[in-house]
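Okay, so subunit A shows up in both of these, paired with subunit B first and subunit C after.
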Partner chain A sequence: MTDRIKKVVTGVVGNDIHVVANRLIDISLQARGYEVFNLGVNTYLEEFIDAVIETDADILLISSLNGEAEGWCRDLQFLRSEYQLKDVVFVIGGNLAVGEAKCEDIVPKYKAYGFDLVFHQIDLNTGLDTLEAFMQDRITK
Partner chain B sequence: MSKLLIDVGSTYFKTSSSEGVAQAFRDFSMTIFDDLSHKFANKIAAYKKEDIYICSSANGGLSTLIIGLTNSFSLKYAKNIAFNSGINIIDTVLVHELQTSVAPTQLLDVVIVVGGIDSVGGIYDTKLISYLAKLRYSNIVYVGNTQDVPFLRSHVEALVVLENIIDNKLKVREEALKEYLTNLYQQDIVGKEDIKQLYAITANQIFSTPYIVNRSLPFIGTKFAVVDPFIVVDIGGATTDIHYSRDLVRDNIVSENGFDRLVFKKLGVYKSRESLVFAAKSNEFVYEMLNYLNVTENILEEQSEKATKILMLLSIFLVLYKVSSYKPAYVTLNLERLNALVFTGGITKVLSQDEVLSIVHFFYKKVLNTNTIPTIVLDHNYDIWTLGMHQ
Partner chain C sequence: MTLLKRERDIITHNEYADRFDFDEIREFITNAPKELFISHTFKHSNKTLVQPRGGFPTYNKMFALYHEFQKANIDVMPLTVDSHTRLNDYASAKKMLMLSEENEVDMLNGYPLVTHGYRTTRKMITHFNTPVSLRHGTPDARLLIETALASGIFEIEGGPITYLLPYSKNFPLDKAFLYWKYVEKICAEYSTLNEPINRESFGPLTATLVPPCITIVIQLLEMLLSLEEGVKSFSVSFAQHGSVMQDIVSANVLRKTANYYAQKIGCSDATINIVYHQWMGAFPRNKELSDSLINTSTVIAALVRADKIIVKTRDEAFGIPTMQCNAQSVANTKYTLQVLNGLPNISDAAEEENLEAEIHSIMEAVLNDSADTLWRKAFNSIKNGIIDVPFSPHIINHNAVITIRDAQSNIRIIEKGKLPISEKCFAFERSHVSLSDDKTAVINKIICDIGVMHE
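This part shows the complex of A and B:
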């Protein structure tokens, strides 16, 4: 991975209209120097993958607040392999379950879906710090 | 002096003048010019060439193959622009399927190649060149990322390169491709010998009918009690066009044009009758629908006035079915939100308001599971077309 400005595709997955959170993520990413492609709310998984391909993005950051992501992201592994997106970092964050759920149950589930980083009910800046550290780690490796 | 407006359709001629609207069935044994001059001789003679305006949809539109990188962006954007320019899309191919896709055998009027924002390169390579070698086409246009332009220019003969239709924010940029395709369609119309001859009676440019109809939509409220969002369904002899408000679509295209067009090439009651019957027979609701209309399936094989009426009703159902959420396809319209359904074209001369109302009721009840239907408007006098011609 080179030093060029990193491209991030972001948006809210499924039937979820939490636009304020989406805007905050967009602004925070831009403030940290990323080139952001914001697909907005109500976005399908296929649209996220297609946006990654069209922009040759480095990161896909999906957010979900109403807990629907569990149903919408099951095909990620399949799509990831179909388009051979092995260098792209897949991140998901927000409220990732309907009702009460523990991080130790939720995180492995989403990692099994194909996400590299999973942030369940973790604040935005902590999540983005972790993402930056993850990206840095990749470069040094 | 007033104007004489003429529409050359695949099945009918229509004229509009200060005396009102007239129409005549076309005679396919003679040229368009001879047929038109014969049927409307007095009318044409009464107007100066400068006061005669002609539009035509008789050439059937251009056929297009689109090659793109993804369904949600490059293919979707290119399809949308192509439909709005009056183009008929015969197929689409994804870049990663180029080696496994079967190339269409028919002669294509135009091939559109698209993919990637400008900061992305290396999408197209020799795989595209090998695929293009299997095609027969008259024009090829590239509207993808700028980085692949040198490679494509050096390998593809007569390639037209236009501005990328995907901007750096992943939004659609439609003007350059739209203008190119509209001009190509225009050239195709005026290039046809049959249409060229019509310049003997008009001093004005001959436009394509879908373009004229689309142009009239922002002003439709001046003629009908129509509330946005609405759709205009133009069921003709060879094709069926739908012009719809963009408010009815949930997608990622942000465009300046408030109305988009979709064409169903194989849904027409005369020239495309066989494919319409085939589509009807393949539909899961057909027997219930025929029962509802009090006829049996034998009617589909008959050549009578009643059979034509039934086919028209079937085509209304099929068109709504094809754009409904029940059958997700290229465009899914939110028909539950629809306020008005405007019908134009040949069917308005054959079907009554009650007959149209009845089939729309059946569709909404059966497919969308609701008894509430939009306002039905029948454009009996081809006002939409005359409105577009006058603009």
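This part shows the complex of A and C:
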């Protein structure tokens, strides 16, 4: 998986219609040279997994703006092993809690759900820079 | 029995709706006072009419809201419908209305018109004897519009494109076209009884960096879809762009092209009016600054000679405004319009020529589609990306057009996707922006451009 263009499946999880951020993520990923499969707003976890399998994606980038992502992502670990997706990088970002919450509480929680990278209220470009560095790291390893 | 009559029977026989007495409804509309028809008001007024948004769940609170508006000397009353009714979930609307009535807490974000029914609502509408405009966002508005017209609400906002692409992810667009065709037919039929029923399109769309050519093409198409069914009074609309020049150019070109295309399909007897929406994007959280933004919008509405302005309130950043706050905004807007006199005629020949050329190119591509009816041509064009609305959540939308603001805050197209505009027009658009090679900087610029009215 070194040379070919990386494929990303992205979308907003659950009953969340925050389309502006979703479009900006799409454009940003394209600008960084990724092939993007954007499932848009109001997407369920099963739909994300289906798309990852169908497109043979390298990365799944889920976003959530209304803070309800936790309820939607509990089954991730199960689906990940069920479909043998251990090579796919799982990323979640946005506003990951309803009300105020600390990053040091949120990040380990989502990592336990099966995400490799967790961005709670992190600026879009900082998040994507971190993702690129993470991908680079994997190649060199 | 005609197909329409059969459809009508099915639609109006609904356990959550009034039993429709069509003979009585026709008699009511035939004898309704002229003051209830905005088409009549438009005809006999040369000022900009002022209309807020507003809707509360219970009859009493809605009545109180209208009373506040009346004190503010309002021109057009709004009736904003709750979100359950918009999605045809009349059972939830009924339950939430009961809870609102019992507990005096608003459990709905608007007036559940179908649940109240036309017999009840008509009492309120005829009491205030002022035109009422229906504001909703419903893809399948057939029962809602039957109820509205029977209630004495003679202006219906919306359309198959403008009430779908900004609001829905996967409601089928072809169904929306057919459901709205029903609405146009009913409006046209009732228009023969008294003054015409006015239809209004929703120009703001996603209110997020939509370029004028896309807004106007969609306004023209919804206007044509309405006129071809026999509607005689139609309002095209757009929202404040963030650049005064772009607002003025849009109004001039919209006025000109609307008349041109109406004439082209043999409907020049229809009256076309222009509606201006005060800033529809994110508002500042400081209420005094919001007042200032609202006042600026009013000045621009006067400059573009809008026939109607739809007002915001200083509570916009926080949620549904109180009725007092809403009425105050109406009064302020009316005052600003009253003192704004001696406005100059402004135009920009180069900008208008470019915008007009873009519109004609897109319209030509739509009308040249091989489908047999206008709604199918419009449907195919959206599916093909010939019409592409920035930041629409709908799965059918292409999302290939990218726009950005230039130094004067005009919205410019930097990626045209499948938009069939000429190379000359595209070069004109791009010549106004100097884009950094750093894509990240461009995206940061777009983020700033969306929040252009923040303090």
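Here, the second predicted complex is superposed on the first by the 141 of 141 C-alpha atoms of A that agree within 3 Å, B and C clash if a C-alpha of one lies under 4 Å from a C-alpha of the other, contacts with A are read in each partner's own complex, and residues count from 1 in each chain.
Note that a residue touches a chain if its C-beta (ideal position, glycine included) is under 8 Å from a C-beta of that chain, and two chains touch if they have at least 3 such contacts.
Since we're looking at a predicted model, the values are computed, not measured.
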Clash or fit, subunit B versus subunit C on superposed subunit A: clash
Partner chain(s) touched by A:32 [first = subunit B, second = subunit C, both, neither]: second
Contacts of A:116 with subunit B and subunit C, given as first, second, both or neither: neither
Partner chain(s) touched by A:125 [first = subunit B, second = subunit C, both, neither]: second
Contacts of A:70 with subunit B and subunit C, given as first, second, both or neither: neither
Contacts of A:42 with subunit B and subunit C, given as first, second, both or neither: both
Which of subunit B and subunit C A:20 touches, first, second, both or neither: second
Single subunit B stretch clashing with subunit C - from 279-287, 315-323 or 369-377: 369-377
Subunit B and subunit C footprints on subunit A, overlapping residues: 40, 42
Subunit A - residues contacting subunit B, complex: 37, 39-40, 42, 44, 46-47, 49-51, 53-56, 83
Residue numbers on subunit C that touch subunit A, as the complex places them: 169, 206, 208, 390-393, 395, 399, 402, 439-440, 442-444, 446-447, 450
Touch list for subunit B against partner subunit A, complex: 69-74, 96, 115-117, 119-120, 166, 169-170, 250, 252
Subunit A residues touching subunit C - in the complex, by the definition given at the top: 17, 19-20, 22-24, 26-28, 31-32, 38, 40-42, 124-125
